[in-house]
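Two complexes are shown next, each including chain A; its partner changes from chain B in the first to chain C in the second.
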Partner chain A sequence: MNASALLLQLMQNVLVLLAAPLLLGWINQCRAWLQNRSGAGVLQPYRNLIKLFHKDAVLAFGASPLFRITPYILLACMWLAAALVPVLATDLPLSPAVDVIALVGIFALARVFISLAAMDIGTAFGSLGARREMLVGFLAEPALLMVLFTASTISQSTSLITIVETLAHKQFVLYPSMTFAAVAFVMVLLAENARIPVDNPSTHLELTMIHEAMILEYSARHLALVEWAGALKLLAYMAIGIALFIPYGIAEAGNWNALPLAIVLLTLKLLLAGAGLAFIETISAKMRIFRVPEFMGTAFLLAVLGLLTHFLLET
Partner chain B sequence: MHAWLPEAHPAAPSPVSALMSGIMLKTAIYGILRVSFDLLGTQIWWWGVIALALGLVTALFGVIFAAVQVDMKRLLAYSSIENIGIILVGIGLTIIFHTSDKAALAALALTASLYHSINHAFMKGLLFLGTGSILHATGERHLGKLGGLIHKMPNLAWIMLVGTLALAGLPPLNGFVSEWLMLQAFLLSPGLPQAYINMLVPIAAAALVLVAALAGFMMVKFYGVIFLGQPRDARIGVVHDAGLWERIGMLCMVVGCIALGIFPTFVILHLDFVTEILVHDSLGKSAVQSGWSMLTPIAAERASYSPLILLFIIVTGVVLTMLVVKKFYHGRLRRGATWDCGYPEQSARMQDTAEGFGQPIRQIFEWFMGVVRKMPTPFDLHPHYHAEVHDRLWDLFYVPIKRANEMIGQQIGKLQHGRIHIYLLYSFITLLALLAFVE
Partner chain C sequence: MHIPFTGQIINMCAALLLLIAFAMLSQRRILSLINLFSLQGLILAISTTVVAYSSQQQHLYYSAALTLLLKAIVLPMILHRLIRKLNIKWDVETLFNIPTIMLVGLALVVFAFNLAAPISQMAATITRSTLGIAMASVLLSFLMMITRSKAVPQVVGFLAMENGLFFAATSATYGMPMVVELGIALDVLVGMFILGIFFFQIRTAFDSLDLKHMEKLKEE
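Showing the complex of A and B:
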């Protein structure tokens, strides 16, 4: 571990934390454009966060300490996840501590904490949200791991750095296995980040809400931290997607000259991915909660197909 | 052959349940290991496949039924079935690798199994002791009547939170380490001589992940319904926290759970002599090659996991965020009534009960378990909804055996009349038959 790598890790840590709301703003802006609205501008999430941080916090009478500490744990988990995915350079000193399986574990840890916090006050909406979140979670987790297994069987490793290095060195051809995996991954991303068609991020009073139902009782700084963690989670998922499916242009270990180009390319990839997400959300309608198992089952089957294709065609 | 377990645990006192689950169930694992490796010498690879399949079915069965239980000790008993299934999966994988002459991988899979056995003893012991304290304080085993205990029993609630997270298989606690090792063993399986196994093994890994994810669901239900929310029964209002000695006992388990989670390399070094005896290879030398804080089963560039660094980063993140928020934020906070989207009328009965929280599982896996529903008619003035979950294995396996047993018994019973001359006739016929046989 050398000083320059450490500097890079610090840079990525700060960058993801600050850029996460921007990505959310960009997606909302794209969605507004696609729906013929003028939109609130890409900086709106920052304004929301500042507004929330200035408000007085209101805590329900029955709230326990678990309820108050959860936003901090959530933010720390998502920050860790977003900071460890190699998207700029493959020389992240902290990345070996967490491989893809542990990364999924961290997402699960955050999910369990937010679900417990939702059940803490004991409202009808809170426990409804927690139940549904865990439902989506246990359906999405195997699909996500199958996608990651496909990548790690190709690269013979579960370490994120090795996976990205192997995939970035492959020539630019369409692998059938990775194509299946990519479709499955997009479906998991939609479900895990509470996007349409599984959940609607901009709803506040719907009987079908999942994520919003869990965080109804949060206000002010706690809500700001939860929202920020949500933005970081979306960024982390997009970073995983970029690292797995379009890692081209990433700076190799020690190659500092490639870094500016890598930053430009990453920005472009994120902008494109965000626009794509907004497009998917615009053309699809929200589905009933009991169609979600079918949706996630399809994602799981696609991921399994990807893995089988790899064994049958690519070895 | 699980059916006795969910019946036995609720009947036993909690410390006995803890011992039963932690140690007694492992004697079967010990037996399987000794018989399959020492006595039989494991020559045939499909034994491993059978063990793997049986283990997966057991684990899935256990966790699905655990998720719909309403009695907290039955829930934990089904969860024990799940964990024994996971251990059996590891043993099956060990046999497959062992017969394919992949000693290093066999050692990895066996270490994962043994590690999970130790983990399970600690975390399930902790949870059973905790349920004992709850039972002692409230006199209630039924999840649907508990709730809000985090306010009445705060010490117990934080202790149990560790056990809950560990059993849900979350990093950086111990349940995750053994699951991680097992998934690594699965992922390294390509390269086996049997091509079909190569393809089936990753799918078995996916089933294992499904089990782990369902365990998360189940543990959120367990903890959320018992400790969080509002009390569902008025009698819960006057309870006392766990006593000092109870807490000391459980804290030992908590320390075990955390230490097993944070320092896996030391544990693996101590497991080495077992794997050395059974599969003639060990994981210890490769596991510590990148230092004691980094767990690397085969090679550093293939896979590595460091729970200590993970915990350090998360704690740093939490503390840093708290400090920054404290510095730049005015910190004003007031208590108010629950908002709940502005609905004014709220009662404790509006929360999810244990049945309610398990409802998605019941809906999705309805074909798997026998669900009996009684729906009220629209004209019923006092509607009552009732749903009951049955273990189908009772009907499909145990009840036929019991019936056959009874039938045979009745047939044999016809021989007995209580008259001495008929018994003499039996002796005479037996004597003739024996004479004919000897001739």
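Showing the complex of A and C:
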């Protein structure tokens, strides 16, 4: 591990933490444009966070310490996940600590804690949201694992760095199996990040909300941390998507001259991905909660098909 | 194993065809079904063109052009006109238990891949590994015809099956002779016209396009 790589890791850590609300703001702005509204500007999530950090926290009567520490755990998990995905260069010194399976585990850990915290208060909405979140989560997780395994069988490693190096820096090859994996991954991304058509991030209607129902009791700095964690999770998922499906342009290990170009390309990819997400959300309607298992089942089947296609066409 | 770039494009097209076959299997709207069918024809034409280019088979260019004209443009146009005239443009079919259908579809894909593996070992074409996908899309179209009860989706399933057969022929032997292909193309076109007339007959006789009504043999 050399000093420059460590510097890069530090830079990515700070960058993802600061850029995550910006990405969320960009997506909201794109949605506003697509829906013929003027929008609140891309900086609105920062203003929200500042506002929330300045307020006094209110805790529900009988809230246990679990409820209070959950926002910090959430933020730590999501920050870790977002910081370890190689998107700028392939020599992230901390990245070998986590392979794709452990990455899914980190997301699962965060999910368990937010669900426990939601049930901790004992309100009806909290446990309703927690149960729905668990339903979506346990269906999305195998699909996500299958997507990652498709990439792993191509590169014959579960390490994200090896996967990205195989896809981006070896000879350019079209992988048909990755088409299936990409479609499945987009479906998982929508479900896991509480976006339309699975959940609506901007509603507080009791019949439909999933994620919002869980964090209903949080206020002030706790709410700010939870929302920041949500933005980081979205960024982490987009980073995984970029690393798996469009890693081209990422700087090679030790090649510092390629870094500025990599940063510009990454910004462009994130902007495009955000606009794409806003587009998907605008053209689709939220589905009934009982349709969600069908949706996630389709994602899982597509991911399995990707694996099968890999063994048929690419070996 | 290294695959040449044209081969990679063909493999990609094959994967997209399989993806479309699954999309058709789970699609409830008739309009989207026809659009998917049109897209399938387009991808088929692209893949045939690439096969023609990489194998230097002149006659495949003609069949690619024929595919593009007939399956991506003319047939979808006829279908669009039909559903407009039958006034079922926004019809939504009630499909029960899509996950089960998809699971059966997945089993069919595994079956087709295994079935095609020994055959594709013997073929000498650049496209031999896509034979499994071609067979899978034929079987999936079959499944689609079985699970639908309305007339128009069944016909789309039939046409999609013909697409799968065409793809199988290209991937196993670089396509059938031109005479056969022209004959099939004409058959499909004429068949489409006759089925179109059938739709109207079925509707005047049973007041609906649901083929369940045709299962009864006795008149009340």
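The working rule: the second predicted complex is superposed on the first by the 310 of 315 C-alpha atoms of A that agree within 3 Å, B and C clash if a C-alpha of one lies under 4 Å from a C-alpha of the other, contacts with A are read in each partner's own complex, and residues count from 1 in each chain.
The rule is short, and it goes like this: a residue touches a chain if its C-beta (ideal position, glycine included) is under 8 Å from a C-beta of that chain, and two chains touch if they have at least 3 such contacts.
What you are looking at is a predicted structure, and each value in this text was computed from that prediction instead of being measured.
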| item | value |
| --- | --- |
| Touched partner set for A:L18, first chain B, second chain C, both or neither | neither |
| Partner chain(s) touched by A:I101 [first = chain B, second = chain C, both, neither] | first |
| Partner, of chain C and chain B, that touches more residues belonging to chain A | B |
| First, second, both or neither for A:L216, with chain B first and chain C second | first |
| Partner chain in contact with A:E141 - chain B first, chain C second, else both or neither | first |
| First, second, both or neither for A:L261, with chain B first and chain C second | neither |
| Touched partner set for A:I50, first chain B, second chain C, both or neither | neither |
| Chain B versus chain C as contact partner of A:I283, first or second or both or neither | neither |
| Touching partner for A:S127 - first (chain B), second (chain C), both, neither | first |
| Shared contact residues on chain A - chain B and chain C | 293, 304, 308, 311-312, 315 |
| Residues of chain C defined as touching chain A within the complex | 1, 3, 5, 8-9, 11-12, 14-16, 18-19, 22, 26, 98-99, 102-103, 105-106, 109-110, 113, 129-130, 132-133 |
| List of chain B residues in touch with chain A within their complex | 147-148, 150-151, 157, 161, 165, 168-171, 176, 180, 183-184, 187, 190, 198-199, 202-203, 205-207, 209-210, 212-214, 216-217, 219-221, 223-225, 228-230, 290, 294, 300-306, 309-310, 313-318, 321-322, 325, 328-330, 332-341, 343, 346, 348, 350-352, 356-357, 359-360, 363-364 |
| Of chain A, residues touching chain B in the complex | 53-54, 56-62, 64, 66, 69, 72-73, 75-77, 79-80, 94, 96-99, 101-102, 105-106, 108-109, 111-112, 115-116, 119-128, 130-132, 134-135, 137-139, 141-142, 145-146, 149, 152-153, 156-159, 161-162, 204-205, 216-217, 221, 225, 290, 293, 300, 304, 307-308, 311-312, 315 |
| Complex contact set, residues of chain A against chain C | 173-174, 176-177, 179-180, 183, 293-294, 297-298, 301-302, 304-305, 308-309, 311-315 |
